[in-house]
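Two complexes are shown next, each including chain A; its partner changes from chain B in the first to chain C in the second.
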Partner chain A sequence: MATAVEEAQLNQLEIQVDNGGGGAWEYLCLVRKLKARRSDKVLKHGLYILNNPRARSKLGEEEFTLYEQVAFAAMDCSRNDIAKDCIGALFKKFPGSIRVGRLEGMFYEAKGAWSEAEKVYTRLLADSPLDQVILKRKVAMAKAQGNSAAAAEYLNKYLETFMADHDAWRELAELYISIQMYKQAAFCYEELILCQPACPLYHLAYADVLYTMGGLENLQAAKKYYSSTINLTGGKNTRALYGICLCSVAINQLTKGRNKDEKDIFDLQSLAAEGLLRDYKERAPKKLSLVTTTLRNIKMVS
Partner chain B sequence: MAEDLVLDTAIRNWVLVPLSVVMVLIGVLRYFVSKLMRSPQTLDAKIVREGQLIIRARNLRAAGGFIPVKSFRARRFYYTNEENGLLHVPKGQAQNPQAQMFSDPNMAMDMMKKNLSMIVPQSLTFAWVNFFFSGFVADLSGNKINLRISKLPFPLTPTFRSMLQNGIDLSTVDVSYVSSRSWYFLNLFGLRGLFTLILGEENAMDDTQRMMQMGGFGADPSKNLSAEKDGLDIFQHEWTISKMEKRAEDVLRKLVK
Partner chain C sequence: MADCRYQISQGAYIKLVLHALKHRSLSVNGLLLGRLIENDGGAAAPAVQISDAVPLSHSQIGILPYLELALIQVEEHFASEGLGVVGYYHANERHDDAELSNAARKIGDHIFRYFPQAALLLLDSKKLQDLPTGKGRDPVVRLFTRDSSRSWRSAGSQGSAELTTKEPSANAVLLDYISTEKWTEIVDFDDHLDDISKDWLNPNLFK
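Entry: the complex of A and B
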């Protein structure tokens, strides 16, 4: 994650390089360090250095890092011809390297040659079965082919070993949602909440999944998690406010007013509705009437 | 001793300086040899898994209150049940690391390589120093001292004798004279700073550290697992989220006002 300062620095450097002010290599280094994805610029400036023998020889050993970076950028911009040249140069220098092998696999992926990419990855995995990048590439490949179920399966296998990798859990949660396996998705979000209990986005997503599953118990839990999102964001999250309203309506429908502590709940939902209206009045006054009618329709405001 | 031993400048030029230079060169050489011999770190799936498992279980214990009680119980059962819980280590299966070391030839091989790169050059240089730089006769006012010696430019207390005059059994020689063997040892342990300068921070030259490593070898991973299991077993689940509705109400009330 890039901090605001680093990002400002990057932008400044980018403007400088774009206007021919030099510092292309420094820019590329910074992009690499911040893991920024500015493939078009990287491709342009990286290629300029690579095509300029003097600038290239100045880099020394770093030249091959640049080749790798440009190869990634080229694949991202679907300039497969450039990527191929870069990978060829790297292969010459490091035959049999896993890192170059990964690039090769991704090159086939970029071309859409799935079976060949699969072959490359299988070969690499035979040597180092615990290579996280390759295992994740396989997931990405299944996903790119539109086979979410297979992607989820690969990811499950990956998580059996690397079970503390919360990015993988998040990806899995999203995959499960996309194939409507909400119970499993809920499990993944629980895992994410355990990992970072103070991150409101996970609470929100978990509440969404619970609400989608339905049923009184889930709806009540969903409402609680929406509440905790409101807590964590200081009431600034519009989605959580809507969530409270919808959950309350759904719960009311299910219980038909048989709820004992109705009054408490009523307070929260009317407050949420009020908060919503206020929010819209401030930030999108044009849509206020729309929200008012919607809320009136579900009897949140009179 | 009444009169100072007068040292030939040739001793400085042909013993002290070469000895130091050779030590540095050998250090650099050893660094590259050990770099060549180092086998790529192969990860063991089981060890990775256990490490990750402990992180995950720790998260559950730290933030268990944030998930519903049903989910918590399911997870706890998954980790700690007596049949196939992930954290459950069957009795007797807990390997002690020493035995593990001997059962895994790779590990022993690694150790041997490390030791080879450490012990072999050291004993060779030591033998070389002993062979070439001793047996020399410093002929001074009739005294025959059977070792090459040189002088430090400052006085020292007699306790330094064993450190600086290894191999000279003469109590009359002033302590600030150094024997060649001791000069070798001084160089061996004193050049670490220089190596850090030449080879960068992470050079493999740190002999003292390596000796420490050999002492307390490895912690028992199964102990970590069962400690984590006990922690989970006594954890009292309290769903903090259930209080959130009230608090959200307060937050919103403040906001709306």
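Entry: the complex of A and C
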């Protein structure tokens, strides 16, 4: 995950390179570092360097890193011809390399030749059964073929071995959400919160899933996790503030007529609503009256 | 709802396609705003006029809170213009996936409860791919409507509803915007929640 600052830096560099201001190599390195997916730009600028003998020789050994990066980008842009050339160049330099073998597998994936890709990965796994990238490619292939259940199964198996892989837990959570298996998604977020209790995004995502599952207990728990998100982000997270309001409305609807003996809950709702209105007044004044009206309609403000 | 005609304005149509193009590797969805015209200048069939689209999300479409929030705010805003939520659009993650997903159906069902002529538009990736080469005026989306058996039926089967663009040049204008990479400017509700200074109404998109 790139932070907002890093993404802004990347965008600035991208504009600079697009407008002929140089810095293509810096841009490509930053994309690699942040693992951003800017395949059309990477392809354009990467190819320019590769096709330019002087620029290419300036890279030295990094030339092959660029071949790999351009190969990925080309496959993402459906330019399998370019990918083939890059992979060919890499094979020549590094015959028998597992890293290049992975690229070969991905090339078959890009063409939709699933059984060929499967063969390549099985062969590579025979030599390195614990290669994380290849194990993840199997998940990706299942996902690409629309088999979410199989993807979840592979990913679960992967996590039995590599249980500290946060990205994998996140991917599994999102996979479960896409097939409406919310309880399982919640479990994944619980694992993430246990591993990184100070990361607000996991609290927020967990709260979102709890709200989606519904029911009084889940809504009350969701409210707690929206609150912890607000706590961890210094009150700056718009989604969490809205989340508190939405939870309050939903909980009120479910507990109609029952004794509301939690007075501090009222303060929490109105604080959240006030926080939102303050934010909108400062940063999005055009929307202020709309947000005020909608909050008023759901009785979050008077 | 057989015999109901559906017409989508160029602005709404282009917005939804641009939204899908901005997030090519993800599913996207959004709301369709418009009104029902009962007696359209003497023609017998009622017509649903879709005049605007609000892009909603490009991540975690199955998550409820932001959908509910968006519905509240969108309905409130457009009520003052006499428009209501008349449909929903969805674009699948995978190019070869032409199925209406469960999430899309559920959201469609919800909108149907308030507007029985609700239109569900699913982006047709193949048609979109063929757009630059073909000269078609057909919109690159498939229309689904709820029939009496409570399932979502694709238009064109058994002479049911059909969708046209209000302006016949819609596809030409769309191609123009695609060539200038206009999709980078589109803002959805997700973007707004990440940065409230971004406006999901996209007021300056076509200026």
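As a convention for this text, the second predicted complex is superposed on the first by the 218 of 302 C-alpha atoms of A that agree within 3 Å, B and C clash if a C-alpha of one lies under 4 Å from a C-alpha of the other, contacts with A are read in each partner's own complex, and residues count from 1 in each chain.
Here is the rule we go by: a contact is a pair of C-beta atoms (placed from the backbone, for glycine too) under 8 Å apart; a residue touches a chain by one contact, two chains touch by 3 or more.
Quick caveat, the model's predicted, so the values are computed rather than measured.
Using the contact criterion defined above for the overlaid structures, shared-chain residue A:223 touches chain B, although it does not reach chain C.
By the touch criterion defined above, A:116 reaches neither chain B nor chain C. Contact with chain B, but none with chain C, is seen for A:197 once the two complexes are overlaid on the shared chain. After overlaying the two complexes on the shared chain, residue contacts for A:164 are found with chain B alone; chain C is out of touch. When the two complexes are overlaid on their common chain A, residue A:180 makes contact with chain C while staying clear of chain B. Touch criterion met: A:211 reaches chain C, while chain B stays clear of it. Residue contacts after overlaying the shared chain place A:85 against neither chain B nor chain C. Contacts of chain A with chain B, set against its contacts with chain C after fitting on chain A, share not one residue.
Of all the residues in chain C, the ones that touch chain A in their complex are 25, 27, 60-66, 68-69, 72-73, 76-77, 94, 96-97, 102-103, 193-194, 196-197, 199. The touching residues of chain A, when paired with chain B in their complex, are 128-130, 160-165, 187, 190-191, 193-195, 197, 221, 223-228, 230-231, 234-235, 244, 264-265, 267-268, 271-272, 274-275, 278. The residues of chain B lying in touch with chain A in their complex are 42-43, 45, 48-49, 52-53, 55-56, 59-60, 62-64, 66-68, 71, 241-242, 244-249, 251-253, 255-256. Per the touch definition, chain A reaches chain C in the complex via residues 37, 144, 146, 174, 177-180, 182, 208-209, 211-212, 214, 238-239, 242-243, 246, 279-280, 283-284, 286-287, 290-291, 293-294, 297-298.
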